[in-house]
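Each in structure tokens, the structures are laid out below.
Shared between the two complexes below is chain A, which pairs with chain B and chain C, respectively.
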Partner chain A sequence: MAVTAPVAPPPVPTAEPAAAAPTAAAQPAVRRWQVWAFVLPAILFQFFWGWYPMLVAIFLSLTNAPIRGQVTFVGFNNYARLLADPLVAMSFRVTFVYAGLGILLTFGIPILIAILLMEMPPRLIRVMMLLWFVPLSGIASTIFWQYMYNEQFGILQFIATEVLGLPPRAFLSNERWVIFWLIFPGILMFGPGLYYMTSLQSIPRSYFEAAEIEGASFWRKIWTISLPRMRPIISMSLIFAIIGSMQEFAFPDLMTRGGPNGASRTVVMYMFDILNDGRYGDATALSVMLFAVIMVLVLVYRRLVTDDPDA
Partner chain B sequence: MLFPTVGRKQWQVRLGWYGVQVLLWTGVILHLIPFYLMLVTSIKPASEAMAMPPTLWPKEPTFVAWRLVWQISDVAQSVLSQPLYRYFLNSLIMTFGVIALSIPVTSLAAYASSKLIKGPLARPLFIFFIGTLMMPGIVTLIPSFLLTRNFPFPLPVAPTIPGTDIAFPTLRIWNTYWAVIIPAGFSAGNFLLFKGFFDSIPDSIINAARVDGGSEFNIFRRIVLPMSKPVYAVTIYFTFGGVWDSYLWPLVVIQDSAIAPLTVAIRRITDAFSYAGTTSPMTAMGAASALQPLIEQGLSWNGLMVLGLLQALPVFIFFIIAREYLMQGVRIQGLK
Partner chain C sequence: MHTPPLSRREFLRLLALGAAAAAVQACGGQPTPGGMTPAAGATATGPQPTAPGAAAPAVRVTLKTAGWPMDVFFKNPKPGTREAGYNKALQQWLDANPGVTIEAIEFNPWSADALRTAIAGGTAPFCYPIGVLGSWNVPGIQAANAEGLFADITEAFAKNGVADLLDPKVLASPSRWQTQDGRIFGIPYEIVSSEGFFFNREHLAEIGMDEIPMSWTWQDMRELAARLTKGNRKGLAMAAYVLDWILPTYGIDFDGLVSRYPVPGRSFNWRWDFTTFVDDIAEGVALWRAMYFEDKSVYSDPNFWDFSQNGQTAAAFYEGTASMTPGIHLFFSDMALKMGKSIAEADRFMGFVSQPYGPLGYSYQLPFAVSAWGFNPDLKPVELDKAVSLFAYMHLGEGFVTTVQEIYNVTGDASEIVRAIRWPFTNRYSENVPGVPTPLSQAAGPNFSRALQAIFNRPKLPEVGEYIPAEVNRGPGDTPWYDKITRWAFTQDAFDVKREAAEMEDILNRQAKTFPSGVDENAFAEGIRRYYADMAAFLQTHAPRFYSERFLPFYDLRIKPNFG
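Let's turn to the complex of A and B:
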């Protein structure tokens, strides 16, 4: 997993911290109450709608979490019921496959495209970026992909049968392939990652010039300069990708509703099914379970990977 | 820089260079295809929108779908209780509400965290602000929903004040616009963007202003704010896109369909369509539903495309207006 490069970074004098230091003594005192006026609203919002609901979730998962009526404490009954439910196990399996395959197939693309895009002349980068970041809202793109995937008149079916001469296929109604087809738009619509581009710009040109004099090839430069330098941002993006893709909901829900036969029903989608049945305690317990699984994944990841580009 | 500066004229290097360019343009074009196809499909007649093979340009362009979509609420009250523009308005109110609340709250906190708070408290406060980013948001859905009903108690009924029969006063924002706006009052993601930007402003500028005398807030307003337009553009843009597109939370906290956002309304229409069978021509004839009169007049996938385009439009307009600031805000240097 670790992308350690055996190349020693050229000595670059770090001038920034030294320049900022001398002002500290001369700095006028910051008035206390004014500082609190800046942060207090944010603290209140972050507490009441950020941390507080998270603690409450753990408490509610041990009760029947009713919308009306009496709150009763049920211990670990909710969890026991969920663990006995084969559909919970299935939804976790679907979620792991969806997240794992999704990250495997799509995570590297924006990194590579960002690296390649930065090779273009500035004027061209500008034009391409503007076109690339023309936004299509989530709902609109879901409607578009539903249309593309239609088995009778969708354009993908047209490409499969008329252009490639393959037999007609059941894209989203095939149990074995549905997850791949849900990920496929992410592969096809490739583009550069914004944060990767900013990070690439901070690499000194001299690194590449030095590597060139040493005779490093195209891929060699990517492997030993660009990627290690981008490592903190890649590492952070990967964590967010793990957290995000384990909670996949809107796109598969709108595309397949979890079908066929639950082959694309993720944990969050199943949580919603439970919620619609009025089993609020179970739904909360399931979300806490997913939370625990994701936190374990994140912690394991942080154990395995260090963020330091010079490591 | 990856391509050698010496020997650029060699044919292998040239070929590689053009190969990369072709790849990049392919990506750009693929990205633009949905816009074209949606636009073209929206001006096709119903049958052509579901024709195989698909046509690249309609044989007889028609705006029938654009006209019919506006009539959905007249014909099918059970699908949409309000005219379509009402949902547009609801989405706009929520979106601007969130922007008006969360951008000042978040940016002031990020500024304080970046420039005003030093010492032992700085680090815990920073973790407090961004820690929720590392946690899956789904876990707070049900508790937050309960909180909108009896704030600050996540309970169906507020407890009584000990020793009396009077219940604690609670705040009920459920089923109002506030239920979408207030919980979004602080954004950890925007906080990081703001802080990253404010960190890059030299302390000396702010200290100079302090020597001249002036409250911290005035320094922020007169010195920092004018130089921070790009980061505000980026965060407002992200917030706009996020709230405008949000579906799950409004669905949970807003029951009254008259104040539902556009995303929820569109989902209701697409659902009605798939039950009516228009999304597959095999069953289109037999299906009886509230939308049948419109379907007979020529509404099918062309109408769904209209809805998609209408939904995408505000974010698109915002992007066009703010594109210069957005490019600066992500600090892509040397592109001027």
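Let's turn to the complex of A and C:
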């Protein structure tokens, strides 16, 4: 196979002329083929599992989306129907509250706990990391929490009434508090705590020692060393948390089915309701609306937050 | 509106942009054989087409099945079990139908969205429960059929003589497996009686009662539950949908008799009225809340949603911490198995009573309805013929008899048949099976048989889906209804039923206006007139107070102006 030679030698010899990288044009064709061979699986995977379903969803949202039979284009009728549906607005409101409160409570607190834990003896740190990493089945923990919250026989009710002497509490049947009680287990069992601790452990000890010599206080060290160094992991976790919490489904569906009075019904849960009614066009339109909202949130986030702690 | 000559599948093919078929196949989640059913292998096959001595097969057919009730061979079944009998019967059918292979696939046909997706993608099993796709009611089932989700089996049904295999009562209840013009899209598999309550006989005896009368009301239920409550034991274990059982006996429901009314025109043909009889809603809600909060006679919770023999309410019943639990008669044998009791023991342990009536003598419950199985619309005529033949043979005909005889011949106990197969059947063998001397109604337990007989003999309410054309555009879902009834049942906040009922009505009616109607206006109007006329006649005879105090005012207000 022919190799294209440079048109002219470099005017000034460098210290390492032999190591000069060939230009793209100079890359052998076989090399380019190899590059594509490595990239193609990822592109195909992304196409079939990401872009293709998305394109189909966008298209179906403009049709009657029948299960069988002819597809009929209906323009933006599905979107118009959803915008006129009071339950759509309600489910977006619930989703924003769920996501906002969820991120606030399950995202911020583990950062603080991780930082504080790093001040503890190494043995305790290992135990906590183990506890955080205990693999718990989602369904099993949901059933566990169902019993915890049972308003007649649950442990939390027992603690409230028998231990604390409070009047009986409404947990999942209280519209104002239901979202908090759904998020509460996440505060106790939030996985990213492990990431935070790993991130903290990777900070060179010398940074803290230098700061201590300079007389930096405990909080000063957190603010100027720990948090900036954790920023990449916080940034990544936060973006996943935003995307994930906007698509919350399984836990509230199993715990409350969206009740009481729709107070815990997220957009994806309502989408599922619509799907179960056989309204595929409406359901895909709602999924496209949710996609657009998440996309806007992510774009805004990316504008506001950078990953680089030295930026 | 422009309707391009483009089917859904053609459209999907177009979108694939010529991508490699293998890649599409890999992404499509093609079901894999085996695993789901207790099968000896992934397939069950008759004599091979080329096997020496075997009859030359007329066809080569592969039927994909998702398990119960159409399993492939069970692995090493114990003699005298349903599984052993099933294997024998299946082998008989396969021997008589060379060239047919039954292949097990991993699939859950009880999930509506999974089933719809599988039908759309062409990966559905050869048969599946009709009710799953039709919300278990006649309008929903007819709509699902109009959408093309079930194959038309009229010819195969006739060719295989299925009508002759069915119980005459089942044959006379075709609304869940036939269209109004007589096209058949399903085979009856189980009889679904009205919803009701299982009760603990021992607990009942403690308060001096033997049976709960079938004519009881919800007020009776309240008193009974309170009397049965003792120490840690609750009179009733009930799920969160409780108001979806109480309010319909007032005629109030998402599709209630006096809370939903038809409207003429091109938009969706139904509207809701939860305000005219809002005092009834308030009364029903108050009754439940009195049971739950004041009497403390109910074990319940907002996250109890089970309606089966496996849920929390049933568990409380088994443990004896609740005296009554909701269910349908079909659970009887499952519950006996669950408790490790024989049928006779279960019959002595528990009784079954239908749902209580409303205060004006109305009940929306059907005494007798049929749960049917539909067939994959992608099956070719020859496949459909074999599919219908197989299903009918195994569950209605000779295969069923073989299965049952295996149980009896080994155990010598007819009640083991009832324990293994939910009784009564849709075929002609509910009472007598060839080779089984004991009548099955006797084997099923005298108390249980008597209760069922009383329920089945109740008069049948007209069902609107039997009168109006199938509406493919289904309209608003019941989400707002469930929102309100779960709130009213459990919230500890103050609430105003009248205001919230009006809010629910507004939401549903606003949603309804955005849906088009797919039915012929004249046919709809004609069906509506017949339906309300028949309903009026029924209520006059069987619920006269409800007729005069609720139905007539509703009719004059909502029906007469448009359809009178």
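Rule of thumb we're sticking to: the second predicted complex is superposed on the first by the 250 of 311 C-alpha atoms of A that agree within 3 Å, B and C clash if a C-alpha of one lies under 4 Å from a C-alpha of the other, contacts with A are read in each partner's own complex, and residues count from 1 in each chain.
Keep this in mind: a contact is a pair of C-beta atoms (placed from the backbone, for glycine too) under 8 Å apart; a residue touches a chain by one contact, two chains touch by 3 or more.
All of these numbers come straight from a predicted model, not from anything done at the bench.
Contacts of A:155 after superposition on the shared chain: chain B is touched, whereas chain C is not.
Which of chain B and chain C touches more residues of chain A is settled by the count: it is B.
Contacts of A:69 after superposition on the shared chain: both chain B and chain C are touched. When the shared chain is aligned, chain C comes close enough to touch A:273, but chain B does not.
Shared-chain residue A:85: touches chain C; no touch with chain B. Within the superposed three-chain model, A:103 lies out of touch with both chain B and chain C [touch as defined at top]. Legend: residue contacts after superposition of the two complexes on their common chain; A:208 is shown touching chain B, with no touch to chain C. In the superposed model, A:262 lies in contact with chain C only, and not with chain B. Judged by the touch definition given at the top, the superposed model places A:238 against neither chain B nor chain C. In the superposition on chain A, contact of A:146 is made with both chain B and chain C. The intersection of chain A residues touching chain B with those touching chain C, taken from the two complexes, comprises 48-49, 52, 56, 59, 65-69, 71, 146, 150-152, 254, 275, 280. Partner chain A is touched in their complex by these residues of chain C: 1-8, 11-12, 15-16, 19, 23-24, 27, 112-113, 116, 119-120, 133, 143-144, 147-149, 240, 299-303, 305, 377, 474, 477, 479-480, 482-484, 486-487, 490-493, 507, 510-511, 513-515. Touching chain B in their complex are the following residues of chain A: 20, 23, 26-28, 30-31, 34-35, 37-39, 41-43, 45-46, 48-54, 56-57, 59-60, 65-69, 71, 113, 115-120, 122, 125-126, 128-141, 143-144, 146-147, 150-153, 155, 157-158, 162, 188-191, 194-195, 197-198, 201, 205, 208-209, 212, 218, 221-222, 226, 239-240, 243, 246-247, 249-250, 254, 268, 271, 275, 280, 283-284, 287-288, 290-291, 294-295, 298.
Put simply, chain A touches chain C in their complex at residues 44, 47-49, 52, 55-56, 59, 65-74, 80-81, 84-87, 146, 149-152, 170, 172-176, 254-262, 265, 270, 272-280. Across the complex, chain A is touched by residues 1-6, 16-17, 20-21, 23-25, 27-28, 30-32, 34-35, 37-38, 41, 50-54, 102, 105-106, 108-109, 111-113, 116-117, 125, 128-129, 131-144, 146-147, 149, 151-152, 154-157, 182-186, 188, 191, 202-204, 207, 210-211, 215-217, 220, 241, 244-245, 247-248, 263, 266-267, 270, 279-282, 301, 304-305, 307-309, 311-312, 315-316, 319, 323, 326-327, 330-335 of chain B.
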